[in-house]
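Below, chain A partners chain B and then partners chain C, in two separate complexes.
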Partner chain A sequence: MGGVHPEENKISTQAVIEPFPVPEKVVVLMNQHLGAPATPIVNKGDKVKVGQLIAEAKAFMCANIHSPVSGTVSKIDVCKDPFGVSKPAIYIDVEGDEWMETIDRTPDIKRECTLTPQEIVAKLKDMGIVGLGGATFPAHIKYNVPEGKKAEYLIINAVECEPYLTSDHRVMMEHAEEICIGVSILRKALGVPNAYIGIENNKPEPIAVMKAMASKFEGIIVEPLKVRYPQGAEKQLINAITGRRVPSGKLPIDVGCVVSNVGTTFAVYEAIQKNKPLIENILTVTGKKIPSQHNYQVRIGISYGDIIKHSIGELPATTGKVISGGPMMGKAIYNLDGPTVKGAASVLVIDESEAIRDKESNCIRCGKCVSACPMGLEPYYFSGLVRNERFAEAKDRNILDCIECGCCFFSCPANKPLLDEIRMGKNKVRAMMAAQKK
Partner chain B sequence: MTKLILLAVLVLGVIGAIFAVVLYIVAQKFKVDEDPKIDEIAEVLPGANCGGCGKAGCRAMAEAFVKQGNMDGLRCPAGCDAVAQKVAEILGCTAEAAEPQVAVVRCGTCHNGSLNKSQYDGLQDCAFASSLYAGANGCAFGCLGLGNCAKACQFEALHMDPETGMPTVDEDKCIGCGACAKACPRGVIELRNKGKNNRRVYVNCVNTEKGANARKTCDNACIGCGKCEKVCPFGAVHVENNLAYIDYNLCKACRKCVAECPVGAIKAVNFPPKKEVAAPAAEPVAAPAPESVAAPVAEPVKSETTQN
Partner chain C sequence: MKLLNVSGSPHVHSDESTKKIMWRVNIALIPMLLVAIAFFGLNALLVSLVSVACCVLFQWLIEKFILKVPSTICDGSAVVTGLLLAFNVPATREMFWIVAIGALVAIGIGKMSFGGLGKNPFNPALVGRVFLLISFPVQMTTWPKPGENLFSMVSVPTTDATTGATPLGILKENGTDALPQVWDMLLGHIGGSLGEVSAIAILIGAIYLLCKKVISWHIPVAFIGTAFVFSGILWLIDPTAYMNPVYSILSGGLMLGACFMATDMVTSPMAKSGQLLFGFGCGLLTIIIRTWGAYPEGVSFAILLMNAVTPLINRWCKPARFAK
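Up next, the complex of A and B:
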């Protein structure tokens, strides 16, 4: 159902993943994941090593944070995130690059995993693993299947349907075996017979590489999928692979599915087999008008400005927007001094000519947004409801089912800010529900 | 022919009479007793249904008055004392004189483009923009300049100033209903007592960041230094969360704090301009206006985006 076909623009697919040099200073935000911020356990002046635990998960929905660099904690204060909002953070001055002794930094691939499922989940929690597909959902919560529910399918999301992004593409090309080991570990943690790796048909190279590698492993099936945005959205992917539909307001586990991003499985491999906490992201630096394309393995806490400076020098004069994430669902970065966090997938430089929205005109009731919506909603109708502040009605029409993929705004010939209005409506509906609960 | 007409008149007349009797009986049987005072009070109230009293509308307010029987805790901000007096006469109680209030915009930035670090072309709604980012000028506390307050005002008392891009309150029209304060997602607008001769002193900032960070964001930001708290002879100023607040019930408008404030974040309005104490207060606020040389460039962009 629904979906659109935006220009793919995957221009950085051939750029090999390079390690990004460690800068002089990093700022580690305490909000790196979905849920409550982590609590710092280091003090000003403390010496830290790479991979040392610096902030602990105290709340249920929270994840541990480890130091991405070695050096001295210079202060614990607030820091403006890429969107200009102040958040608690740990500032670290970098000295050398001394790693924790427990971390295995050899290039050897470790294939055996003797841990029990409970031990695997506990280790995911220790290592601060979160989902790297965009939502940064803490992994230890996802792989701890609640009582009364049973996981039947493990689905690995390697669709990467967002235009421009190539980090998953490159990880599959370069770390296929590690990914397959990671998938086997997750399969063991959940106790499911088969894992499916979903890849869109427009990536023939990773499909071939992954198929060749998966054949050496038990219970890993590579599933090429139709090219369509948002094929990689969780509910759409479950439907494409299993034929099941996740009902409104339910989670994938309610239909026996667990979905994990391919980047996360690589992080899982490194955490479980190599004792390496989640301190690095694979990040794409791309854009049509920039001189070179890159894929980097970059430590968290490095500012977007530093990444741009090192990779392409100055931003082109005609830059209109710098986006974190893809052009469909990503957010424009307001403050380039803001640090990267876990799950940051790209720095996308958009030219002026493509950055500004066209003028809005009236809805002509063409219904394109309705046929484009992958969730079967009526975006034009929400637009009216939100403009007239009829939020209760919007809730009854399942506004909260919207996955914010942007297909409605993309397909609207009148350039109505449909997604903006729906997002605002969702915020208001959530606030309304919270008020009612009280 | 005449016979036919007479017959028709007769038949219709009889049917009409029967219905009239039935309707009368039904109306008597299902009669709802309503206190006539409700109608009287509803007549006296302004009838704008602004919601400033906290009730659903003027009729609901009238019902609340009659149900309670007195005026304790109920007040029509739109009608002020004149209406309160009339309601008191109908209810047969005494009306407490309450200080009239006015909406105050507590933010010293401007949106004419001179301070903007980014351009926003999304949905022109403050609540939405606030959920996305800090704001075009970088303050995560201050005014976003997209005009939710002006849209909420039913009395045409609040307008977006085209020169500064900030909401300005028309004190003569503002009745202190508080609709704008509710509409503002960042709590920038506050209802304050009008004060003697409309003279008011207030902190023109709501930024609760630490001094250094607040100052980095905005030149007019309160840094929470506490000088105003020390200098105030009436104990009306308190600094909490790095932000000073002047209690309008205690403030005697002496303006000592205005002179003391190192960043010009305390604003005094409607004072005669002759004394030199008023000058430092008026200057930083008026500062954006002379810079409006940049306005001709910024203005077309602004008007374009508002149409989007």
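Up next, the complex of A and C:
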């Protein structure tokens, strides 16, 4: 149902994942995940090693944060993130590259896992694993299935339906076995019989590689899917694989599903089998007009500016926008000095010619937004409601079902900023509901 | 340092635009124009030109001097209205000035008075057409006989061609015996308004629009299907009094209305279920008006009536929610 088919532009699929050089300094934000910020446990002047715990999850919805580099804590202060929001952060000056002794840095693949499900979940928490598909949901909460609910399906999201992005593609090509081990570990943690890896048909190479590898494992099934944005959205993927639908306002576990991004399963493997906390991302540097395309394994906390400087030098003169994430759901970067965080998947450079929106004109009531909406909503109607501040009606018409995939604005021939208006409407509705609760 | 753009997602856009959609509709109308010129001669071309020119001019004048807003004539929607209006009048010389009045009503009252493209509740071309039908009943139903001035492109006749009746007119006056051949109705070799005579030309345009995803199949299929079934039932009851359903759907403005007027996105429902209901209503009303109404033709009235209930249909027929 619904959806669109934007130009794929997967131009960096052949760029092998390179280790990104260790920078001179990093800034580690304390909000790298969904939920409350982590609490720093180091002080100014402390020496830290790569992989050392530097901030602890004190709240329920929170995740541990480890140092991505070795060196000295220079200050604990606030830092403007790439999108202009000030957040608490730990600044570290890099000295050498000294890792924690517990981390297994050998290239050997470790296949056996003897941990119990509880131990696996506890270790995911220790290692600060969060979902790398975009929402950065803390993994230990996701894999700790609440009482009274039962996981029946483990779904691995390798859809990568966003145009341009290729980090999942490359991880599958280069780390298929580690991914399958990671999937087996998660399968064990949940106690489900089968795990399904959903990959869109426009990625024949990863499908072949993953199918060959999955056949050596028990209970891992690769599901090729028809290409359709936003199939990588959690609710849409669950529907594509199981035929089930997550009800409004509910979580995947309410229909017996747990969804994990394929990049996360690789991080799970490294955390459980190699004792490596989540300190690195696989990140794509791409764009139509930049001189070279890259996929990097990059330490968290490096600024976007440093990544651009090392990979392509200067931004092209005609650069219009730099986006963290894909062009459909990614965020436009406001501050290139801002650091990367867990789950940062790309640096996407968009040319001026594509970065400026065309002029808005009257809605011609074509209904393209209605047909495109994967949630079966009426974006054009929200536009009118929000402009007239009729938020109660917007709530009744299920504005909160919106997953912000952008299909409505993408397909609007009148260039109405539909998603901007819906986002504002959602915020107002949430505020309204919070006020009513009080 | 050069500043970066910042905006909410999505950061890419499909290459759809209102302008593209409207010009595609204009392209789809070309086969009908060619058939009209072939059967009705230079008059057809001149009526179309006058109609289009007046629609564009009136929109430009209203936007510049009355509304004082930037001109939107380049989006092609005034050309669509002009062509559709011309396609709904007979190709006679009197129409040269009558259609200009129709253009003023279509653009001025039908469209700009509501705020321009997208805001009009009724199909502007039909507003113009119905105004003309009521104001100039004789001229609007004096049909040139097709083919008789087939060569008028080379020798412009000094008088109008001999007038002939439309199949629906024949039916109202003479019963079912005197109807033309189905083949002639497919090709367009019958009496009628400029653009409505050839079912084949209309279908070529409609298929183009379907392929370009400007229209969807829901409204035309529901409209034509309902008309076919309903008139078929009547025909089965009494074949001497009622028209064969094949004639029903090929005659008058039904094909043109179903494919180009009812599918006007501005005035038809948004959800697919609503579009089916809309098409059903159009088909039903058309046959009711044709059978029991005072006018031989009911397509324009049927579509305008359904335009009026479109906001209600939008209320009832919502898309199926993904997450209940």
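Going forward, the second predicted complex is superposed on the first by the 438 of 438 C-alpha atoms of A that agree within 3 Å, B and C clash if a C-alpha of one lies under 4 Å from a C-alpha of the other, contacts with A are read in each partner's own complex, and residues count from 1 in each chain.
Definition applied: a residue touches a chain if its C-beta (ideal position, glycine included) is under 8 Å from a C-beta of that chain, and two chains touch if they have at least 3 such contacts.
A quick note: this is a predicted structure, and the numbers were derived from the prediction, not measured.
*Asks:* Classify the contacts of A:360 with the two partner chains as first (chain B alone), second (chain C alone), both, or neither.
*Replies:* Touch partner of A:360: chain B, not chain C.
*Asks:* Have a look at where A:377 lands relative to chain B and chain C in the superposition and call it first, second, both or neither.
*Replies:* Second partner only, chain C.
*Asks:* State whether A:218 touches chain B only (first), chain C only (second), both chains, or neither.
*Replies:* A:218 contacts neither chain B nor chain C.
*Asks:* State whether A:86 touches chain B only (first), chain C only (second), both chains, or neither.
*Replies:* first
*Asks:* Which partner does A:24 reach: the first (chain B), the second (chain C), both, or neither?
*Replies:* neither
*Asks:* Which chain, chain B or chain C, ends up touching more residues of chain A in the combined arrangement?
*Replies:* C
*Asks:* Where does A:396 make contact in the superposed view: on chain B (first), on chain C (second), on both, or on neither?
*Replies:* neither
*Asks:* Check whether A:420 is in contact with chain B, with chain C, with both or with neither, and answer first, second, both or neither.
*Replies:* both
*Asks:* Applying the touch criterion given at the start, work out whether A:205 contacts chain B, chain C, both or neither, answering first, second, both or neither.
*Replies:* neither
*Asks:* Could you look at A:334 and tell me whether it touches chain B, chain C, both or neither (first, second, both, neither)?
*Replies:* both
*Asks:* Would you tell me the residues on chain A in contact with chain B in one complex that are also in contact with chain C in the other?
*Replies:* Looking at chain A, the two contact sets intersect at 331, 334, 356-357, 417, 420, 423.
*Asks:* Hey, which residues of chain A end up touching chain B in the complex?
*Replies:* Those in contact with chain B are residues 78, 80, 83-86, 331, 334-335, 356-357, 359-360, 417, 420-421, 423-424, 427-428.
*Asks:* Sort out for me which residues of chain C touch chain A in the complex.
*Replies:* Counting only chain C, the residues touching chain A are 2, 4-14, 16-18, 20-21, 72, 75, 115-119, 265-272, 318-324.
*Asks:* Could you list, by residue number, the parts of chain A that touch chain C in their complex?
*Replies:* 1-2, 4, 6-7, 163, 235, 239, 245-250, 315, 317, 319-323, 325, 327-334, 336, 350, 354-358, 361-368, 370-371, 373-378, 380, 398, 401, 404, 406, 409-415, 417, 419-420, 423
*Asks:* Sort out for me which residues of chain B touch chain A in the complex.
*Replies:* Residue positions touching the partner: 117-118, 121-123, 125, 127-128, 131-135, 138, 140, 209-210, 213, 307-308.
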